[in-house]
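Pasting the structures here.
The same chain A turns up in both complexes below, where it pairs with chain B and then with chain C.
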Partner chain A sequence: MKPVLLWSDALFFLLIAVTIGGAWWGRQQDHLRAGWVRVWGHRRTVVSASVLAVFFAIGLVDSLHYRSQLPLEEGKPPAWSVEVLSALDALLMPLKTNTEKTYSAPLATELFAKETLEEGGRGFPPLKYPGTHLFGTDKVGQDVLYLTLKSIRTGLLIGTLTTLIMLPAAVLLGIVAGYVGGWIDDVIQYLYTTLNSIPGVLLIAAAVLMMQVIIDTHAGWFATAAERADARLLALCAILGITSWTGLCRLLRGETLKLREMEYVQAARAFGGRPLAIMLRHILPNLMHIVLIAIVMDFSGLVLAEAVLSYVGIGVDPNTISFGTMINAARLELAREPMVWWSLAAAFCFMFVLVLAANLFADAVRDAFDPRAAG
Partner chain B sequence: MTLLAVQGLSVAIGNARPVAEVSFEIAAGETFVLLGESGCGKSMTALALMRLLPPVAAITDGDVHFSGIDLLGRTEAEMRGYRGGGMAMIFQEPATSLNPVMTVGQQIAEVLTLHGGRPDRVVELLEAVGIPDPARRATEFPFQLSGGMKQRVMIAMALAGEPKLLIADEPTTALDVTIQAQVLDLLKDLQARRGMAMLLITHDFGVAARMADRIGVMHDGRLVEVAAKASFFQAPTHPYTQRLFAALPENLAKPPESPARQGELLEVDALAVHFPIRRGLLQRTVGHVKAVDGVSLKVSAGRTLALVGESGCGKTTAGKAILQLIRPTAGQVHLEGRALLGLAADRMQMVFQDPFGSLNPRLRVGDIIAEGMKTLGVDGSAGELLTQVGLDAGMAGRYPHEFSGGQRQRIAIARALAVNPRLLICDEPTSALDVSVQAQILNLLRQLQDQRGLAYLFITHNIAVVDYLAHEVAVMYLGRIVERGSVSEVLGGAKHPYTQALLAAVPRIDGIAGERLLVPGDPPSPANPPAGCHFHPRCPRAMAVCWQSYPGDTQVSATQSVRCHLFG
Partner chain C sequence: MLAYIVRRLLYAIPILVGVNLITFALFFVVNSPDDMARMQLGVKRVTPEAIQKWKAERGYDKPLFWNAQAEGVGKATQTIFYTKSVRMFAFDFGRADDGRDIAREIATRMNPSLAVAVPVFVLGLFATISFALLLVYFRATYLDVAGVVLCVAMMSISGLFYIIGGQWLVSKVWHLVPISGYSEGLTAGKFLILPVIIGVIGGIGSGTRWYRTIFLEEIGKDYVRTARAKGLSERLVLFRHVLRNALIPILTGVVVVIPTLFMGSLLIESFFGIPGLGSYTIDAINAQDFAVVRSMVFIGSCLYIVGLMLTDISYTLVDPRIRFQ
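Let's look at the complex of A and B:
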């Protein structure tokens, strides 16, 4: 077995580490700790956080990638399979390998369509693994439950890595624009108004297609198909990040304009404090609640955005399993007679639970940290 | 005849009791003043009478009888008839009490129709509250009116329902002293003409002395003393009231005059701050707001100069420009004989007005105080400074929200002192504080001045504070200093009609009205000051020459000078 560290894995681990570090740092800060105590005060929040935690655990396990060793041949160095598996695959090996021939309904014992049977005549051929596919199987006989579980990582990555990419730009530019003002403010405002006025899907489509061309012309960069798909996923995150920082930036600029006139900032200026020091010491900590709220609120929107983009065909690599690709495939399945509904239903249910939990959690965080909502 | 009888009224918010067993009566046509410091429950009492308490608060006990009717037994629908009809309320902040997207006429007409009046009485009501050109004003929006005008509109709205009782919750606290005098006179006049009873809520002893027939003092939710005005001001009986009286700046024992030290510490010469007004597509400058327009002043080491003026006269801008927080448009500032080109953070510091906005809520008190020391590389300990301003050295590890307003202001003073400045610019440091806390802060400032030889530039609108703390006074009107001199000269023998009006407008606690010189109208906008002397449109003694030229500086004594044509 040979571990494989994809770029997205590294970033995902980094993000988890930063979150844990941030939580540890937050425990030292009275105002943040008080906020989190309020967050955990409601049963609804605890339930939604637990659901999110399960999703994140699945995503984390699915991010431990490896390549398995091929059977040793005499006199040759050990060779590795080209297929990149994850720890989740290992756990779900029966689900992954127990494939049928084609569509079968949830918990069915025979295939969904009639075929010519070996023993003669037409009928529903029996399944190889009857009654084991909780959500049925898809066109090529893969278990739909397996597909949805694999989709979780993609959704989480899009939701979190995009935030990671857009956050520094939004925070930095927002604070600088609001605090420094003048022509710098004009430039930053011009930048985000321009970005905002281009239709988002158009921009993303153009960028993704460009990425596609680059990836296709440099096939040598990637050792495995998984690495190529991963590069495209990261590119999508980057593109979504570049197009989505404007909202938060605008919000932070406005808040900074207000904070800049606060008397404690004036007092710091009266001591001759350098602008950078004032921004870091007086402005940024008083904006953190907005940043926190924006992160959790944006997450669910990004998960949904991935589904929409993949459906339109400009999302993740077609080989990457994601909610979007599942829904895209369901387009044809719904057009069949009789209808194949289960793969859409499974994707819908999992995505619904994930987004609902994220939204409930975001609401609780906003209520706890928004000073205007308090009291 | 008793109009309103309150018996044992108690209000609870959770376990707290902001109002506890309050009983009082108001007779028809009488003015009852509820006097108390912030948080004493006086506003909560008024809201309970109107049954307008916030959802978290509930009336737990007591009776309220209005014209013999039990108000607490009424349904919400029945109460709506009493609110605005039987008793009307006006609030502290006229700026937020009016709907910004409706004309004032519409808003008054709304009240009139609710209480069965004819909507065409709007102009009549506006005239009754002394708004000039009422027919035109009725068609204007709140933003087109000044603060004093808005409060008059609020009063007109309250009168629309022909109330028998007017509840006024700090009606003049947000207004300037000359405007406050106008509004108080108006209220008194309306009350006399309409035979209305009034429940006036205030923290200001002067306002109480001017308006009250009887006074009730509230403390911690309880009504500790009720007395007729005369006996109240001659001989307050409750210890709490006596303490409050002792804390009034007028009553603070003035320490002996320390001899003037030699040498000017600060010299400001023809300082000007003009903000450009930009309009149009290309943001061309079409004019200037002359916030500060040629201010010259001097502060000697160890002395206090009070810069007095009403809101919008440019005194805070002047302070910030002297500190170089705002770049002056023209003029020079000399500190210890050297011209200032940038900040002089180690020699000049500022204490701000709002104790809640001047401390970063995310930093510990120790870090807040150490901020200046760290920036400027000064050695010192936060704990020692905390002790100097009368706090505990152990408080350095706490956060600002754990402190009261007065304590926060002490922290802000400690932060400024940390870098050992020679001059402290105090921008209304006590105007957000209660009277007893204000006295403590004033004493602290005096004590620090004696110990460290500090000089203060004290920016304020509160004349009583000036009398206690200042050695010299400069009076500002619309960006310019109109009169300056020693404190006894200016407060005792003011020459400029504006200074005289300002002093006369301050409600005195002895209740003596004296020769009241009421200035009409509102201060003009600094973007478009009147030609000639800026004060002539409001001046009772304006002459022809006042229309034409701004008066020069006239020296009336060795230390007192005035800018008025009467003396020039």
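Let's look at the complex of A and C:
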């Protein structure tokens, strides 16, 4: 077994580490702790946070990647399989490998379509693993439950890494534009107005098309298909980040403009504080609640956006398992008679639970940290 | 006012130049035209002659920014940047990969797009405002809480679900309207009713929540207390005072999307087979037709800028305290 660290894994671990570190640091700050006490005050929040925690745990297990060793041959160095597996695959091995021939309904014992049977006549052939597929199987006979669980990681990565990637630029440019002002402010404002005026979907489409060309013409960059899919996933996050940082940047600029005239900032200036120090010490900490709210509010929208983009054909790599690719593969099957509803239902249900939990949690965070939010 | 509009229009020019530079950089600098040709013609086993031919057909065989071989002004104009970008300012979009004129295509596809987008916009606005008013009328009761929870739940459902579920239920199970398609004139109604309803339902969750907070903000103000102190009934207070004043932020907030209605809705149009600009864009994305995508980006940006301008103008129209500066 040879561990593989994909770029998205590294970033995901980094994100979790930062969250835990931030939580630990926040415990010592009285005003932050007061906010979090308010967040945890509702049972609704606790439930949604627990659901989110389960999803993140699945995503985390799914991010521990490895390549298994091929059977040793005499006189040859050990070789590794080209297929990149994750710890979740290892846990779900029976689900992953117990594939059927084609569609089968949830917990069915027979295939979905009639075939000519070996003993003669037409009928429903029995399944190889009857009654084990909780959500049935898809067109190529893969277990739908396995696919849904694998989709979770993709959704979480898009929802979190996008914000993580765009955050530094948005915070830096927003604060600098608001605090320094002058022509720097003009340039930054021009930059985000220009980016903002391009319709988001089209900018994403154009960027993804270009990225595809790059990936296709430089096939040698990636050792395995998993790495290529991973690069595409990260690029998608970056592209989504580029199109979505403008809103946060404008918000932070406006808030900085207000903070700059506050008495404590003026006092810091009067004491001869350098601009950089003032921005870091006095302005940034007082913007953190906006950043936090933006992170949690964006998450659910991004998870939903992934499904739409994958449907349009500008989302994740078609080989990456995600809610979008699942829906895209299954959407035409509703027209069949009798219809195949289980993969769509499973994808939509899991996505709904994830996004609903994220929305409820985000509302609680906003209510607790935004002084203006009322109602 | 006129001077203000002219100044705003002038301000739009650098933004459009920036948009053009960004799209140009995305399409031509990140990948050379050779890469694009290889992508279109298939990566393997493609002769240099085929690539040259592909490039020449589309006018990609010139230098990117500066043509040292040309004479005089031609040094700047005989380039891809000039031929592909500058002509866009005259709304000359050239031809798509299938040889059709893009400007003509856009003109004919605008009507179906509007036929879906305008009813969705108007009915959606009406439905969300009424729903939000209802919640505000019953504020701080269980009905309000249930309504907000319903809104959050509706926001959490993927837009794809509304479309796929609606098509399945209404068209396949109930056989009320055709699953997809479009026709000109009055017969278009039966094709349009389902997409419009789905579009309205899809936007109701987030819209209602947003307007509800606006109404609640307005309801805490002093003039409302005065109106109540005069002895007006709650219904009169809501409709005559709160609704009218809350319409200012609502209307100025939605003005920006009005021009972009021309672009149509990507998802609804492609699912329902409506030959509008949204499905045109999706087809172009799937066919990797760079010229069409670039034109749509340009038009979208223009419309957005017009929307921003209309927003500023509408502020001054509804609120006399704001002056043009």
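The criterion applied here is as follows: the second predicted complex is superposed on the first by the 372 of 375 C-alpha atoms of A that agree within 3 Å, B and C clash if a C-alpha of one lies under 4 Å from a C-alpha of the other, contacts with A are read in each partner's own complex, and residues count from 1 in each chain.
Simple rule for what comes next: a residue touches a chain if its C-beta (ideal position, glycine included) is under 8 Å from a C-beta of that chain, and two chains touch if they have at least 3 such contacts.
Being a predicted model, the structure only gives us computed values, none of them experimental.
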Applying the touch criterion given at the start, work out whether A:216 contacts chain B, chain C, both or neither, answering first, second, both or neither. second
Between chain B and chain C, whom does A:46 touch in the aligned arrangement: first, second, both, or neither? neither
By residue count, is chain A touched more by chain B or by chain C? C
Which of the two partners, first being chain B and second being chain C, lies in contact with A:271: first, second, both, or neither? first
Just chain B (first), just chain C (second), both, or neither: which does A:60 touch? neither
Tell me the contact category for A:205 with respect to chain B and chain C: first, second, both or neither. second
Output check: A:327 vs chain B and chain C. Expected answer is one of first, second, both, neither. What do you get? second
Answer with first, second, both or neither: which of chain B and chain C does A:180 touch in the superposed model? neither
Note: in the complex, chain A contacts chain C through residues 190-191, 193-199, 201-203, 205-207, 209-210, 212-214, 216-217, 300, 304, 307-308, 311-314, 323, 327, 331, 334-335, 339, 344, 348, 351-352, 355-356, 359-360, 363, 374-375
Give every residue of chain B touching chain A within the complex, in rising order. 320, 323, 325, 343, 345, 349-350, 352-354, 357-363, 368, 371-372, 375-376, 399, 412, 415-416, 419
Can you check the complex and tell me which residues of chain A touch chain B? 29-31, 262-264, 266-273, 277, 281-282, 285-286
So in the complex, which bits of chain C are touching chain A? 14-15, 18-19, 22-23, 26-27, 30-31, 35-36, 38-39, 43, 152-153, 155-161, 164, 167-168, 172, 212-213, 216-217, 260, 263, 266-267, 270, 281-282, 285-286, 288, 290, 293-294, 296-297, 300-301, 304-305, 308
